[in-house]
Structures are given as C-alpha cells and as structure tokens.
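The structure that follows is given in the form of structure tokens.
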Amino acid sequence: MAKKKIAVYPGTFDPVTNGHLDIMRRSMCLFDALIVAVALNPKKNPLFPIEERVKFIKDATRDLENLEVFAFDNLLVDFAQNHKASVIIKGLRAVSDFEYELQMGLMNRSIDQKIETLFMIPSQEYSFLSSSFVKEIALHNGNVSKLVPQPVKARLKKLSK
Amino acid sequence: MAKKKIAVYPGTFDPVTNGHLDIMRRSMCLFDALIVAVALNPKKNPLFPIEERVKFIKDATRDLENLEVFAFDNLLVDFAQNHKASVIIKGLRAVSDFEYELQMGLMNRSIDQKIETLFMIPSQEYSFLSSSFVKEIALHNGNVSKLVPQPVKARLKKLSK
Amino acid sequence: MAKKKIAVYPGTFDPVTNGHLDIMRRSMCLFDALIVAVALNPKKNPLFPIEERVKFIKDATRDLENLEVFAFDNLLVDFAQNHKASVIIKGLRAVSDFEYELQMGLMNRSIDQKIETLFMIPSQEYSFLSSSFVKEIALHNGNVSKLVPQPVKARLKKLSK
Amino acid sequence: MAKKKIAVYPGTFDPVTNGHLDIMRRSMCLFDALIVAVALNPKKNPLFPIEERVKFIKDATRDLENLEVFAFDNLLVDFAQNHKASVIIKGLRAVSDFEYELQMGLMNRSIDQKIETLFMIPSQEYSFLSSSFVKEIALHNGNVSKLVPQPVKARLKKLSK
Amino acid sequence: MAKKKIAVYPGTFDPVTNGHLDIMRRSMCLFDALIVAVALNPKKNPLFPIEERVKFIKDATRDLENLEVFAFDNLLVDFAQNHKASVIIKGLRAVSDFEYELQMGLMNRSIDQKIETLFMIPSQEYSFLSSSFVKEIALHNGNVSKLVPQPVKARLKKLSK
Amino acid sequence: MAKKKIAVYPGTFDPVTNGHLDIMRRSMCLFDALIVAVALNPKKNPLFPIEERVKFIKDATRDLENLEVFAFDNLLVDFAQNHKASVIIKGLRAVSDFEYELQMGLMNRSIDQKIETLFMIPSQEYSFLSSSFVKEIALHNGNVSKLVPQPVKARLKKLSK
C-alpha cells in the first residue's frame, strides 16, 4: 500500500461555502492529497467567473498542505486520471443529491472501473447549505457570515448593492 | 500521512453476499487495512449463528491480505476505536438505505467526531442484492449461484430441504 | 401477437382492500387474463389464514371473467412460469414502495429474463390505503366501509369485539 | 377566531428524547394548548411500560403550562375529537418519515375532514435522533446525556447493567 | 396566548391553482390571519406579471376575511417579520417537495429562530397539481376547469390561441 | 379481448439511448403495437432538431415490426387518443423519475380515465443512463459506444469537434 492515495473533490463552487470547506477538511484526513476541481460549467451560468471561484477556495485553504485547486473543463474521469487520483469525493446532504450522484458515480465507473466515488456526510450545521441558498440570501441583503468565508461574503455584499 | 488508514465495514452478513464481497474488494484498494465487523444482532433473529457468519466471510476472503474479520456486540464506534480505525464503510444501494445510514452516520459522529462514515456504490450487477433476498430465493429452492460464494450456497441448500 | 398475455398480481392481501381491487380491474383491461397470487407469507404473521384471504378476493371479483385467484408458497417467478404468465403487476403508492419493488423486479428478472414487472398507479382515492391501515382502523372500531369490500368489513368487525 | 386551538402530538415515546421535547416546545408557541398522546402500541413491544413513558414526559415538561400528557389506545382521530383538538402535530426528520406520515395524515383526514395534520422540522441537532437509536446506544453503555432528559438516562443506565 | 397568530403562505403562484386555494382555506382555520406572499421571482421567468398573479388570488379569495395578498421581493424571513408573522406555511405533495422545503425551512430558521415552518397536506384530489402542469395543459388547449379558478382559466385560454 | 392493445412510449429522445431502445424492445413483447412519440419540447432547448431525433429512432428500430415513430406537439393524452392507444409506457430509473412520472400519470388520468400509465424497469446496465449524460460525455470527447446506437455516436462526434 505504498502508493499515494489522491482524491478529487469536484464542484461548481459558485461560490465555495463553509459546507464545501468542511468536506475538504474531512477528506484531507483520509487521503494523502486532495485536489479541488472547479468545473467551468458554462451551462449553469455561474455568478462568479472561474478564476474567482478558484481564488476563493485557494484563499480559504491556505493553511492546508496537500490540497491543490484547479479549474477543469474536461470529463471528470479524465481530469482524475491526469492527476493520478483514484477517488472522487462528494458530499451528500439530501436524498435528491444522492440519486443524482449515484447515477454520476455509476456513469463514471462505466468509463473507468478504477476510479471509485466516495460519499461523505457534511457537518450537520451545514446540511441545509448550498451555493444557491447563499446567493439567494446575500443578494437580498441577508447575513451570510456563518455560511461562507469572509472574502466571499465581502464580494457578495458588493454585488447586492 | 504516515499513519495507517484502517477502515471498518460493519454488517449482519446473514449470510455474506457477492455484493458485500464486492464492497470489501473495492475498499481494500482505498485503505491500508480493512476490518469486517459482523454484528451479533440477536434482535434481527439471524438465520446463521455468528460463528458461521464470520467463517463464511473468512473463507471467501482468504486471498486478501490486510483484511480481518471479527464478531462484535458493542457500539460500532467503540469497536472502531478499539481497532484504531478512523473510517466506517457502508455500501449504498437505494434511497432508503441512504436515509438510514445518514442518520446512523450522524449519530456515530455525535459520539466520536474523529470517525468518518464513507459510502460506496456497489457494482451495478449487485444493486438489487440483499441477504434477505438471497434467503428468500434459496429457501424456495431458487438458484443463488451468482449471488453468494459457493460454501454459502451449499449451506443454504441444506437448509431448504 | 397471437399469444395470450397473462399477468400475475401478487400480494399478501391480508385482507384485500378496495385499492387492490382497483388495480385488479385496471389490469383486466390490459391483459387477456389476470391471476391473483396470494402469498402464504407465514413470516409476516398474517391476521387471516390463507384460505380466507383467497376467498375474500374470489367473492369480490365474481363479476370478472378471466380472473383467477390462487394461493402460492414458492418463488413468484416459478409461480408465474407455471401459469404461463409473462407479466408481474404491482401497484405503486409511494417512493418507499417503489424502491423495494424495483429491487424485487430486478431480482426476479435476474432469475427469469422473460418475465417483466409492470407498475401501475392506483386510483388517487386509494393512495393512502394499505392492509395494515385497514386493520389498524377496524381493530379500533373505526369505519372501513369505503376501504374494503363488505364481507371483509363484516369479518373485521367480529374480530374487533 | 375566539375558539381555542388545541393540538395533539402523538407518539410511542419509548422513551421520550430531546428531539420530541424540542417539537413540544416549538408547538407550544403556535397553539393554545398541546396534548401529548402516548400510544399504548403493544405490537411495537415497547421497552418501557406506558405509565413510565407518560411519567418521563410529565417530568420533563413540568415547566410548561397548557401541556397535558395522556396515554391512549383508540384511534388517534377519536382521541383528538374527545379532546376537542383540531390539529395533529408530527416532527419530520427524513423522507421515509414523510411518506409514512403523509399516508397516515391522508387516512386520518378520510376519517375526519376537520382534523388537520401539520408537520414541523425538529432542531437540526436532533435530526438523527430517534428512540431506537437512544436505546441502542444506552444498552451498549454509550453516553446519551445530550439525547434524553436526565431521568430517562438514569433509567436506561439501570437497564443496561 | 393572547397574541394573534399570523401565518405567511409564500409562492410564485404562476398562476394560483385550486391546490393553492385549498391550502389557503385549510390554514385560515388554524391561524388568526393569513398573508399570501407572491414572490416576484424573475429568475423563474413567470408567465404572468406579478400584478396579475396577485390579482388572481385576490379575486379567488374575496369571501375570506383575515386573508391578505402581497407581492414581495425581499427575503421571506424579512417579509414575515415585517408582517409580524411567526409561521410559514407550505403545502407538501411529494418527497422532492419535502427535501427542498426542509432545506429552505432550516435555512430560514438559521436566519430567524422565531419563525416556524409548518407543512400541510393538500387535498388528495390536488396531489398531482402544479402551476407548471396547468400551464402545460392549458397551452395545449386541454381543459383546466377543475384545476384553476374561472378567471385564470379564461386568461390561459386567451394565451393559448 | 379481441381489441388490439396499442401503447405509446413518449419522450424527448435528445438523442435516443440504448436505455430507451431497451424499453422499446421490452414493451414490444407486451403489446400488439408500440408508438414512439417524440415530443417537440422547445422549452428544453434540444440539441437535435425533431426530424433528426425521429430519424435516429427509426434507424435503430428498422428490425421491429409493429413499431412506429411520430413527432408530437399536442397533449400526450390527445396524441394517445388519436392513435387509439390505451397505455402510456415510461421507464423508471430512479426515485426522482418516479415522483415526477407519478404526478404526470395522475394528471393524465384526470384528463382521460381510460388511458393507463405503466412503468417498466430498464435493464440494469442502463440504470445510470440518460440523454443528458450521453451528451455530457460525448461533447467532452468521451466514448459513448456502449450507450447509444452507432449513427447517434457518429453524429455526436461531429458536434464535439
């Protein structure tokens, strides 16, 4: 078992929330390295450009060694192979998440049998949290201090004016 | 990351199926050691005594190094701590599995923050498979050759007569 | 397409409800013959003996040609083969029904590829109805007139005294 | 709207947990009076006799005016009518809870159109909590201090010895 | 308990259906006043302008005292506070509704602990009904007489030509 | 039972997948004729024009007698009536599919009581497969050979360049 275990944590992260960061910290303890993969995802019409979404995560994870952040626009399985990762990490909040992720996991396995999808449970205090909810609250001038890192909060505040 | 990563795969395994064995083999690739934890579970009124359930798994995993099988009758979290495991592995077939396991995972985390529950997707060919279904088929003289290891099949055959 | 299409509608029917009868009448329109298969199911510890469960259905379906009622205690797939049926009918009320029935359907298909499971939607007025609810209400002297055929109601009344 | 609004909160409460007490306190704020209805439920084979289950709740709610606790063994709808209640309160933790409760709510409405079922969200810290989990932990000598009121904890401790 | 209980029933109501009106009438019986809150929701790209969506509801609820209808474009929790409401009402048809609403309810509680979300069961005859289905049927010249109030039907008819 | 049983299998088919073709072949065995109904569905903004979506299916089903393919843009129930079909066929992969289709089925029944919706289980190897996943993979130059008929694959390849 000398081989390093590398995991990929993919998402749109528009923007990163404390729920995402919780999953990152939890997975750091389980694998030798974690690669956060920020999907370009133009179809979802993200609020923040990809560079900013990547930067938010980098800023919030400066204290974490063995964590890298990349943008990607190819198939997730190809991205994982390129980075020698054997695990894809997903956080599961709800049943609806689960079904979609189960289908994605099976599809990815059909492409590459060697890459395993693992599901983690986010901290209970973030079980309702999603990037959409954060944007919804922030753009109506609600308080998102406990939901996102400080720089994301500051940036959202500017947008809501 | 020098510390060995040990995972526990708990269940009643009454009896072990090829679906369980699939999860065991998949998790072997992800962690340094795997401990299969067979719950005594007298309330479920198992068909096979605990010694036999343990033996079925040992027989079917002889070729796997770094895998051990134990019976247990204490709290799963205590069992994991005693074996220095930091991960609990569960296979998820269905939404109903998921909800129950999510609650168990949150409860276990409330007892010990350091033990993480990870969910894996079983191979698609076993997505309908459960120990109950196997017993149902075998006790009605159906063919379970593709569903369980050979010694389990032989033992079930004797029972159905 | 000269071959007759025969469907099996299996269940414990402890006792038959108006929801079950609704599914029977709907399936009668779709296939050349319908066989209601009453599972012995001793593990579920039924309230009514198998003979009585069969008789309740026979009494309630006297006006229906091409419908037969049988008790069975073997594998459903074997029962279907013996009666030259190519279809298994199930009513779906809820998501939890669906998941269990999906697993059963996949297991049955793994035993015999030629037997197809079809799911039907019960009439909306029966979407909450189950044999357990009927027994619960009747044994507490509630009114089940709209939920079961008259002879079942009469029989439940005697039991509740 | 001069009529007093009385709500019933039914359950087996074997034993009452902090999650149940959270729902009681939340509903107290919404209605003029709350009646906790403890189901005899012999089929579920409860660990605690009905008198003890009632007493645990009475002890834990001494500070709450307008709350009463009763045992019941008739239909819930009949119980509600007898106590002039027009609302049934249920806590919803999970999707599987929801489906069962939706069917129960529809069945109860079919018996009495005037009694409305309302679902509440328990506090997030109790979203994994159930009486079964509490018993499971306590009987294996786990710590349930944060999950149940002190007297329940003390009583469970005696049982686990 | 002298304080008046005011509930908010939020939605996009594009357009209001008989299912929505059923929930309104049911909640009227439970609280001292009901405020229907019509979300501007420009992202959903509604078929009807906000003024018309409000007017449809006002017209259909003229006989109801203690019910008011407002448009809103701020956070629901802020809207509720401004109207001194302590309850948010939601109708639940399906499991997928439930999960989304559970997350929304938890998020809203995280913003204001004092505002409680309550879920109601719509009348069974409307359990399949949604504004999207109504628009789908009407725009294909289907008959929506039993699904929406008469003025909505008339307005949809004009659009479908 | 002399009347011919005609079934309709509706969808957007953007593009048809091997999962769809599996459902078509399975339904062919159950009914006297099958009509594949390709929805225009401009709101979903399909990748392929309707003529091409129809042609893909025709090409892939040349060997099947008693199967016809049509585009449609009216209500599905009206389309079924026009073609003297009494059955609507849907494949169910997941719980989320199920809920939506249950609501559609109930709505369609409310329009025409005589048209029955039947749900089928797709072959297990296609349980993760959807047109969206196929497009996602193909447009990122992934291999879709096992997922769609050859001409669809060829066409997708051109688009991805």
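Going in written order, the chains are labelled A, B, C, D, E and F, and every chain counts its residues from 1.
Definition applied: a residue touches a chain if its C-beta (ideal position, glycine included) is under 8 Å from a C-beta of that chain, and two chains touch if they have at least 3 such contacts.
A quick note: this is a predicted structure, and the numbers were derived from the prediction, not measured.
When the partners of chain B are compared with those of chain F, the chains appearing in both lists are A, C. Among the remaining chains, D is positioned farthest from chain F, on the basis of C-alpha centroids. If you compare E-F with A-B, the chain pair joined by more contacting C-beta pairs is A-B. Matching CA atoms, the turn from chain C to chain D amounts to 120°, rounded to the nearest 5.
Rounded to a whole number, the gap between the C-alpha centres of chain D and chain E is 30 angstrom.
Work out the mean CA point of chain A and of chain F, and you get 34 Å between them. Mean C-alpha positions place chain A and chain D at a centre distance of 38 Å. Residues of chain D in contact with at least two other chains: 95-96, 99, 102, 106, 124, 127-128. Contact annotation for chain pairs lists A-B, A-D, A-E, A-F, B-C, B-D, B-F, C-D, C-E, C-F, D-E, E-F, with touch applied as defined.
Those residues of chain F that touch chain E in the shared complex are 73-75, 77-78, 95-96, 99-100, 102-107, 110-111. Those residues of chain A lying in contact with chain D across their complex are 95, 124-125, 127-128.
Listing the residues of chain C that touch chain F in their complex gives 1, 5, 26, 29-30, 32, 66, 86-87, 92, 95, 98-99, 102, 105-106, 109, 116-121, 124.
Within the complex formed with chain C, the residues of chain B that make contact are 93-96, 127-130, 133, 136-137, 140-143, 146.
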